[in-house]
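There are two complexes below, and they share chain A, which is joined by chain B in the first and by chain C in the second.
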Partner chain A sequence: MSTTFTAAGRLARNPHVGYAVFGAALMTLPVLAGSGLMMTSTLMTVGFTLIYAIVAMGLNLLLGYSGLISLGTAGFMGLGAYLAAYVQDDLGLGFWVAVLAALVIPTVIGILVGVVSLRVRSIYLAIATLTISEILLKTFEQAEWFTHGTAGKQSHYPVILGVQADRALVFGIIVVALVLVMMLTHNIVHGQLGRALHAMRASEVAAQAMGVNVLTYKLFAFAVATLYAGLAGALYLFFLKSSYPSTWNLFLSLNVVAMVVVGGLRSIYGTVVGAFVIFAVPELVLKRLPVIGDVAGLPYIFSGVLIIVVIMFFPQGLRGVWDVGRRMASTRRPVSAPVDAARDEVAAR
Partner chain B sequence: MTDVLQVENLSISFGGLKALDDLSFTVSDHEIFGLIGPNGAGKTTVFNCVTQFYRPDTGTVWFAPGVDRLVRAGHAGTDRIDLVGQPVHRVIRYGLVRTFQNVEIIPELTVLDNVLIGGHVDFRSSMIAQMLRLPRARAEEAQYREKAREALRFLSIEHLADQLAGGQPYGVRKRLEMARTLMAEPRLIILDEPAAGLNESETEDLADTIRRIRDTFGCSVLLVEHDMGLVMDVCDQICAISFGKFLASGTPVEIQRDVRVHEAYLGERDDA
Partner chain C sequence: MYALAALGIILVWRTSLVMHFAQGSMGMFSGTAVAFVLNRTGAPLWASVLVGAAVAIALGFAVDFAVIRRLRRATAVGKEIVTLGLIMVFLGLAPILFGTEPMLLPKAIPDGALTIGDAYLSYNGLLNICLGVAIAAGLFVMLQKTKIGLAIRATASNEQTARLMGIPTRRVTVLAWAAAGVLGMLAAVMIAPATTVTPTFMNTVQVTALFACVLGGFQTFYGPVLGAYLIAVAGNFLQLYVSSVWGEQLLYLLILLFLLVRPNGLVGKTYLKKV
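Coming up: the complex of A and B.
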């Protein structure tokens, strides 16, 4: 085996290269839209899908890895969106400060909320986080100096490094953000941090005996999830150029939970697939079907049915379907194949 | 300094029930120490009081892991510390590590990753360094992976390192839990019923493994076990308790001859 071959093989197996290639593939979409091969509305739908994938990645870290539930996603995402608009348009501090504010402030608030709420578990944590989200939602409706209330906050495409952004450029920024989030999540879950989260989910008692400070790691997971939500909120604002309080309600939080469950707990690509199935499929496919396309609340019915089907038949999510497919393909290989596959997997961490 | 663990006058009550009543015992360096007693005697409660899962009402738990170890854990200028009141997650830093009666592993992780959790407190890289996968963090991860493989090799399950822990049979899971304790460079390993659910030949292997761990790592072992064959075979010293109270202590031979221990297990003799 020549050196160049192994080097190339190692590069191909490196998951970070995979994420970068995935991002590069997505970057071709604005080009397609620009040349008229793809509808602009489709590009918008894909852009929002990727934004939701970022939020869902944070929730997967909580729900999938750490075993913590949060129904507060929408509130923190909305906070990120309004902060981005307020800092960019009202304060006139520009794109970078706006992004920084949308990252830092929700995370700090998230940590403070976490210190109080992470002492309760399961359904109580769900209620506590839901309460926070509803408080934020009411704030969005009332604090008119900040959000313009129910009339909605209007914004515009940012100026980045002296360049006036357009839809395609903001789409590119979303893709870059998603790829970075995927890489960061990968690093978190494949090292000591991820193992501590796993240990905590499996048994808090055993995790403590292994020296894991459970509250610290719960806060860590919660902080990363709010960081991603704040980022996604800012991207949402820059992409849509407006924000209304009604967007940031419980249904959004529940949809993000659906994305994680349907895509697959503890799966990075699965989360992106989940976001696509829950958000993009109703928009791009179902709404265009005759008769059923006109049913009100169709996306909710769709994701509801999908959750039931997935939990009953594919508890691993759509990623489980992928695994089954791979196993069926690998049974035809020689006996040593699974062992080699496992080795490759570890080598590729 | 020859005693790694000194439990003095330990008492704890749950409601009106006195689970432990003024219990004292001492585990010496390099000793395999057995704690025995009939069901409900309070053996696991002792473990939980030592490892701080329960806060005892009264009593002290002196732990002397060696000055170096204490300095590393941030307690310079002393040769022993009282564990009572320490947070549970700090106890392992002093070199006190335990296994669980009902084997606590993470089924979704590989065998190797499960073992690596035992080295959790030794990781020096910051969260940021790990999130960004800086060279320092990667080097540290590689170093501990190798250490974890050695621990698996020691327990003869290295060939299973990359398989999922959830798919492993019970015996392997038990070994996996023991390999995990070795990651912490233990001074004292607490084993909660390690022979439960093992067959005869597996139990014999276990006795051998416990001795090998003691000899290779120079640590002490505190063992709670119902399998009297194992206890009598492997232990240097034994302490028997009943209803939370001290009954007797001594070598296996002494314990086997002790009439109080017989009464506790079999009831009082009618003709006495």
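Coming up: the complex of A and C.
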């Protein structure tokens, strides 16, 4: 009896089980939508939130551990989306090849950009990715054969393992992808790579002296970020069934930065919450407010002000707020909490 | 006009060590204010520009006082993220305050062109180039010869030492933000006649100005100006002789490749980080 209890307890404490349960809970949403308890538009919003959570997870790894900013997220995501559409619809190679293309090609481009820009100073990556994003955006508008230009690329739900997918199934795929990404991120952070990244974060010079190849690990973090962006782009296309160049602009990249900052650096669940706050709250709440709900620029101001306020007052993001709350609620772990706080304080400097 | 925006970025970078990603959108904001005053009240261009300058200075002050100054404890990355947040705030505010319809800004000199061989240059373009050079030159003289310039340069080289020497570094920083705002506004007014005034019309300027800084190197004040003129000339050349659609992209790629050869920019010195 007691052994099964501890086994169950251990199982419950295993973070991977937590991610799986989180995914299972999300899986109930299409059922709710199907039974009419939830509006389909709400399901779409949640779906896009989860897609953005995947992208933000990649940027969180990059920003949270190596302190690098990528402003090219939207470009890489758009590239993933167009590649998926091109491979699936124009070349007719099916779902899996489409996903593979959306994963590999943006990552390769990302690595090339990283190799060029990371050698000098961290900030060059932000400038280089900003540029790449502008180049990609122009390409999306101009390369008619590839993207159908500003008229937008139309696609349709994929056929997976012989099954014609519908909205609910694609939503399910998004959830599975998100859970896999959460697990992968968890493993990266807690593995040997994660230790190297942690060491870099504390002191780049010290890590270098200990034999950590700083450039390689920065490049790795950036590659993962572009990989996730490509994946999210493909999922976006399969979920919406179309893609327009105007989607992949600078605001999207900035919004992803906002998700990471608001959710809390180096926090996996925080990133999902951040994606929800930045994307779903304007969509579900702000647009329905009287008078100011119609103002076009409101979501931008909302995200922008949130970024500034969070950086100024809560450097740990919503996760920091959560931690403070938990510490006040339970004083059962008096040792680890101050240690955590002290570490965070060091990190904030 | 890229040179002016680049100068603004480098001023802020040197004095408060913040990569000023919001330079373009702040310029856009005050530039839109210029267009707004001009279109609504019918005031002459010079008066509108004066109003725009006032707006730009006020913005620079507000940003430094309300946000940047309180970020002493935040990391460099945190400050950069804050400027990213500023972009969104300005982009959101501009259509609310000035309306959503795209506006037009007239040229300072409406027509007429100078013909040199095959190339022709409008008087307005000439005016812009001359103004750009004059402002840049004026700034250099100020930086090198005046007391304020000395204070800026001291703050740029080492803020803590400068403060110990009795230089009001806070005032220098706020001045740099305001100056960057005005420079951004001027760049916006110069580029506006070529397009319409919409919230995103300064994006290219922002990218190009950042690239000018990269190309010229972040260590000097004149490097970015040099970089900006080089980019402008090379860009026109590529668009004319290679491809009007892909010229710009090609140029960006070339600059990225250039970074492989000279990572610190044209006149850059090696950047050393003290442990």
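Here is the rule we go by: the second predicted complex is superposed on the first by the 327 of 349 C-alpha atoms of A that agree within 3 Å, B and C clash if a C-alpha of one lies under 4 Å from a C-alpha of the other, contacts with A are read in each partner's own complex, and residues count from 1 in each chain.
One rule holds in what follows: a residue touches a chain if its C-beta (ideal position, glycine included) is under 8 Å from a C-beta of that chain, and two chains touch if they have at least 3 such contacts.
Worth saying up front: this structure is predicted, and the values here are computed from it rather than measured.
Enquirer: Look at where chain B and chain C land on chain A after superposing the complexes, then choose clash or fit.
Expert: fit
Enquirer: Does chain A have more residues touched by chain B or by chain C?
Expert: C
Enquirer: Under the superposition described above, what is the C-alpha centre angle at chain A formed with chain B and chain C, rounded in steps of 10 degrees?
Expert: 80
Enquirer: Applying the document's definition of touch, where does A:266 land relative to chain B and chain C: first, second, both, or neither?
Expert: In the superposition, A:266 touches chain B alone.
Enquirer: Please indicate which partner A:135 is in contact with in the superposed arrangement: first for chain B, second for chain C, both, or neither.
Expert: Second partner only, chain C.
Enquirer: Just checking: does A:146 make contact with chain B only, chain C only, both, or neither of them? Give me first, second, both or neither.
Expert: In the superposed model, A:146 contacts neither chain B nor chain C.
Enquirer: Is A:126 in contact with chain B, with chain C, with both, or with neither (first, second, both, neither)?
Expert: The answer is second: A:126 touches chain C but not chain B.
Enquirer: Quick check for you: in the superposed arrangement, does A:314 touch first (chain B), second (chain C), both or neither?
Expert: neither
Enquirer: Just chain B (first), just chain C (second), both, or neither: which does A:251 touch?
Expert: Once the two structures are laid over each other on A, A:251 reaches chain C alone.
Enquirer: If you stack the two complexes on chain A, which partner ends up touching A:196: first (chain B), second (chain C), both, or neither?
Expert: first
Enquirer: Quick one: classify A:205 as touching chain B (first), chain C (second), both or neither.
Expert: Both partners, chain B and chain C.
Enquirer: Using the superposition on chain A described above, determine whether A:220 touches chain B (first), chain C (second), both, or neither.
Expert: A:220 sits against chain B, while chain C stays out of touch.
Enquirer: If you've got the overlay open, could you tell me the nearest Cα approach between chain B and chain C in whole angstrom?
Expert: Minimum C-alpha separation, chain B to chain C: 8 Å.
Enquirer: Taking the contacts chain A makes with chain B in one complex and with chain C in the other, which residues are shared?
Expert: 205
Enquirer: Going by the contact rule set out above, which residues of chain C touch chain A in the complex?
Expert: Residue positions touching the partner: 19, 21, 67, 70-71, 73-75, 77-78, 80-82, 84-96, 100, 199-200, 203-204, 207, 210-211, 214, 245-246, 248-249, 252-253, 255-257, 259-260, 263-264, 271, 273, 275.
Enquirer: Which bits of chain A are touching chain B when the two form their complex?
Expert: 184, 187-188, 191-193, 195-196, 198-199, 201-203, 205-214, 220, 266, 339, 342-343, 345-346
Enquirer: Please name which positions on chain B make contact with chain A in the complex.
Expert: On the chain B side, the touching residues are 51, 53, 87-93, 97-98, 100, 104-110, 112-113, 116-118, 120-121, 123, 125, 127, 130-133, 137, 141, 162-163, 180, 184.
Enquirer: Looking at the complex, which residues from chain A come into contact with chain C?
Expert: Per the stated touch rule, the residues are 63, 67, 69, 71, 113, 116-117, 119-124, 126-128, 130-132, 134-135, 138-139, 142, 205, 249-251, 254, 257-258, 261, 295-308, 311-312, 315, 348-349.
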